[in-house]
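One structure is given below, encoded as structure tokens.
Every chain is named by a letter (A, B and C) in the order it is written, and numbering of its residues begins at 1.
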């Protein structure tokens, strides 16, 4: 009995979709080829970088011929001869502080703009958004000097703190808008129920709204954390001593400055920096895509 | 606890007119009071004012004689069930129900007792530790009820709680709510636009339209003695037939002259002063006399016959095209296309002054 | 002559009769005056003046003054009586109850006194009703507190007893036993669930929620069991009672305050003053006006604001406390003639900060003035001023958003606005290599230089602008095209390995851009690997980085590579959200695959992603990293681009070079302003047309 069933099954067409014509089959094959080509276009340069990081035959410069010898000496150089570890710590510190500060401010403003109708609400949001279309570099001339002025009053104010403030400030409007849109979708009947159950304004915010908005908050926090990792311009403008560089500024010195040039070490450093971020992106792929889509759908 | 409203008014800032004005209402202890009305009539605003979610512009709100205008919602000893249940999605059912008590820092023992008790009554004991998104609509509704019950409030406020349920479940919950009310004996104020719910559940109905109270009374009163045309048209399904006309020589004559009704003895007195004036007559669909042999009758053509099993609803037209809805027992024989004569049950005639809409008899 | 209302009004518009007959008569006269003909006006004017002269002999004032003197005596005596009463309370109730009893006593006396004068003046009426309301609340509050205190006492005694009687050790043992039992139960239940999952009887989600549920049950059961221990249970009770004793009086006092505030709203106030004179004291010292209005706590707040104004804003603007600058004056003179160490830029920035502080100060003046003015005007109408409780409630309700947004505004103003304004002002100076430490105002000459293409810095401006525009359009469009195209292909349901492709296509975006750009830069350098490969393919030595056109093409291609990932991700997200019924309906209508793509997929995705795609254009317009990191904006071409810029520089990298490497900050500032205005303009257009704004959902 079993053999008969099996035979019959293979002759059955089980899919809901239409059968493909020859043209259709050709199209599908072509699609796959195109996709594969692009995948190669992406993977090849990246693998080259990975390979170079481990290629011991290179000394100051990168070579991409057949000669390959596995070694970790570039990584050693990175950790011992350069200030790589400082840069890592700096970047994490700045990114983390930015994320925390941004979350703190934006969670309040997002809630206020969503739940309260107050005078100047629309106008102020529009104004801030307009002001923030002015790119941050518009102020580079001033940032450095401003830091000196503030440091004269509060000596503990480091350049890194200035950087953190600039990063946070630059994202307030956009993040408020996004968070506001998300909180808008939380029914205000929950607020009413909480009021009757005995919550004050702050308690409604803390116990009800924020836990529900957590996915969006995490997304915003993630964005604010990654931003400083990727930014090159501001650290270059603001940070003066190599010890205080971020990864972007620091790794750059491994490439452009003849005195500290070491391209393979750069490849190694780049690899080490890229891996965690790529993993992070992978893990949160779904959230990112849906978050972006939501933002776009809301307009 | 009884709830009294004296000359309550509500005016929103920025608007010139009052949304609600001069609302006077007395709700007794253990009442099941239904505030009924079409959308936008102000009933939800009124409920929210009783709850304290909207402010009261003028007038007094009294719970057992104590003035509650400025008391915060959490201090009013009320509980509210929302249309969309408003369950906290990130908490379990247990935590949802316990929330209000834990905000008051009640003893955990007490909280647990109350929650389990309410869960037992509402038959949701098995779902205590799941999140609201994992249970069905009907169960969520019961959780919302449970959350309200746990507070042991003096007044239940309900804002169209059944409107999100399917028809069968709605029927079932109607009975459940009434049973619950009898069991707990708490004063309940219930807002809805569905007159069936009002008629079946209420011990007192308050019909509102356009920010004003149209009538207050028992369901029977609403059905048998509507105070004005609006009420007459709102309550009762199928809708009451309203025919425009005037009083000529003591009789009601419709404008199209096709219908004449000699009023019942008891109604003649009050109709006397409307001689010559415009009057509307109202007849409920089940109060037509089949047979049409004696008294005033009207001839109609039957267009559509709706077969409901226990009754038939005949959608008819008078000769000038005016529609009448007549319901008859199901075992009577009627078909569309037929022409019949119907008489009137004179005791059940309603007469309204066309100008004011007010009831005459 | 200013009008005086014949009746008094409250905030909602209800009217009240005047009790002050003198004022009433005066009001009537003034009213007549305003409605009178010219001849009558003179006569009435004299009448009014006479009336005012005879104010003190008016019968009303006779009675009023009598009342006032009696009130003085009453208040003195009341103080003594209250002290006596308090001293005589000898029962052992708590201090809370005692103070309530005293307050109740005081209220009763107050009621008795003011009752007689309610008709005379609203002040008495007000005090009477206040006291009446208090007497309504206090007895109930006392009752509740006494009951709770009694319960607490009971619980405390029980505690002592229980502590003696309970064998704590045994209790703990029992509890441990219970805990272990429950734990075993939990473990076996969880194992059961896992087994079911293995046999595929239940889904993964069901297993997860089931386990979570079991764990919660377990925790709850433990908690409850703990409470069975009488000592623990009792402690809970005591805690709860203590909390009640703290909260309930607070709650009822809040209600009382709210009810008293209601009386304030309903009892009008009669004042003689018509013109809001106190308001003008604000300009001297904010807080004075509030003091004169008898709103004391508000006055304190505004005094603090005054401190800010006179101790921070004013001195700073005048130059004190500046790091180097001279406040607002420094903005004008820009450190001209000052010693070497003083820099114009610092003067300028501090001047801007000074202006901002002054604006804030002016704002505070304005708020204070409005406040006092409003209160006075309302009082003239009859509206009683708000007491502190009402103000605080207002602020906590309506003011919450303002208070909570303050950090955000603060940061935006100082971190975003000040630099921008600095740059704006800089563009009107001549800060260049010769004028680094000190520079002057030069008006529009920088803009002129750019517009006319003059000078070292200006001549290249238009070339760079042209390349920037081409770059933006080409690179972004390429990226969008690639990403979009790939998304549509990859989204086809018949493609296998979708997850693989999606993951790989994410990489260009996931890997930090500066790493990939630098890497490509290395590989395309004269002795780099890719250069070697290209040389191999084409037979001749091709060094991308030495040729402007090749560099530009490579840059566009590189950005296409980088940017397509983001567009791909975005498009995929939207594509997945398109409901399949659209396609099915199209199938029934007979559409081919190409038609479906062209008429359903493309419009929907474009529409949904349009706002974000627009940001991609602005992003590339300002894409400093790729231009600078790849080839420092090169290759160098002095004949065309002078010494300052390279062939592939875009505006932003040019600005960077001008500012950081060549010290032409003023010209750079002018370019920034020019660029920013353009961006703001486009953004504004974009906002206006965006769905959210049009639907008023902003």
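To be clear about the criterion, contacts are C-beta pairs under 8 Å (C-beta built on N, C-alpha and C of every residue); 3 or more make two chains touch, one makes a residue touch a chain.
Note that this is a predicted model, so its numbers are computed, not measured.
Please tell me whether A-B or A-C has the greater number of C-beta pairs in contact.
Between the two chain pairs, A-C has more contacting C-beta pairs.
Farthest from chain A by Cα centre, which chain is it? Let me know.
It is B.
In terms of Cα-based centroids, which chain occupies the most central position?
Given all protein C-alpha atoms shown, the central chain works out to be C.
Quick one: report the Å distance separating chain B from chain C, using the average Cα coordinate of each chain.
44
At what distance in angstrom does the C-alpha mean of chain B lie from that of chain A?
About 56 Å, centre to centre.
Chain A to chain C: how many Å between their CA centres?
Roughly 25 Å, centre to centre.
Residues of chain B that contact two or more other chains, please.
Only 104 qualify.
What are the residues of chain A that contact at least two other chains?
Expected reply: no residues.
List, in ascending order, every residue of chain C touching at least 2 other chains.
None at all.
Enumerate the contact residues on chain A facing chain B in the complex.
Those residues of chain A that touch chain B are 187, 189-190, 192-199, 203, 208, 211-212, 214.
Within the complex, which stretch of chain A touches chain C?
Chain A residues touching chain C: 17, 20, 27-28, 31-32, 34-35, 38-39, 41-43, 45-46, 48-49, 61-65, 104-106, 108-109, 111-113, 116, 118, 121-122, 125-126, 128-135, 137-143, 145-146, 148-149, 152-153, 165-166, 168-170, 172-173, 176, 181, 184, 201, 229-230, 232-233, 236-237, 247-248, 251-252, 255-256, 263, 266-267, 270, 273-274, 277-278, 281-282, 285, 288-290, 292-293, 295-299.
Which bits of chain C are touching chain A when the two form their complex?
For chain C paired with chain A, touching residues are 323, 343, 345-346, 349-350, 353, 396-398, 400-402, 404-405, 407-408, 411-412, 415-420, 422-423, 426, 482, 486, 489-490, 492-496, 500-516, 518-523, 527-530, 532, 561, 569-570, 572-574, 577, 593, 608-609, 611-612, 618, 622, 624-625, 628-629, 632, 652, 655-656, 659-660, 665, 668-669, 672-673, 675-676, 679-680, 683-684, 687, 690-692, 697-698.
Applying the document's contact rule, which stretches of chain B touch chain C when the two form their complex?
Residues 11, 57-58, 67, 69-72, 75, 92, 94, 104-109, 112, 129-131, 134.
In the complex, go through chain B and note every residue touching chain A.
Spelled out, the residues of chain B in touch with chain A are 48, 51-53, 73-74, 78-80, 82-84, 86, 88-90, 99-100, 103-104, 147.
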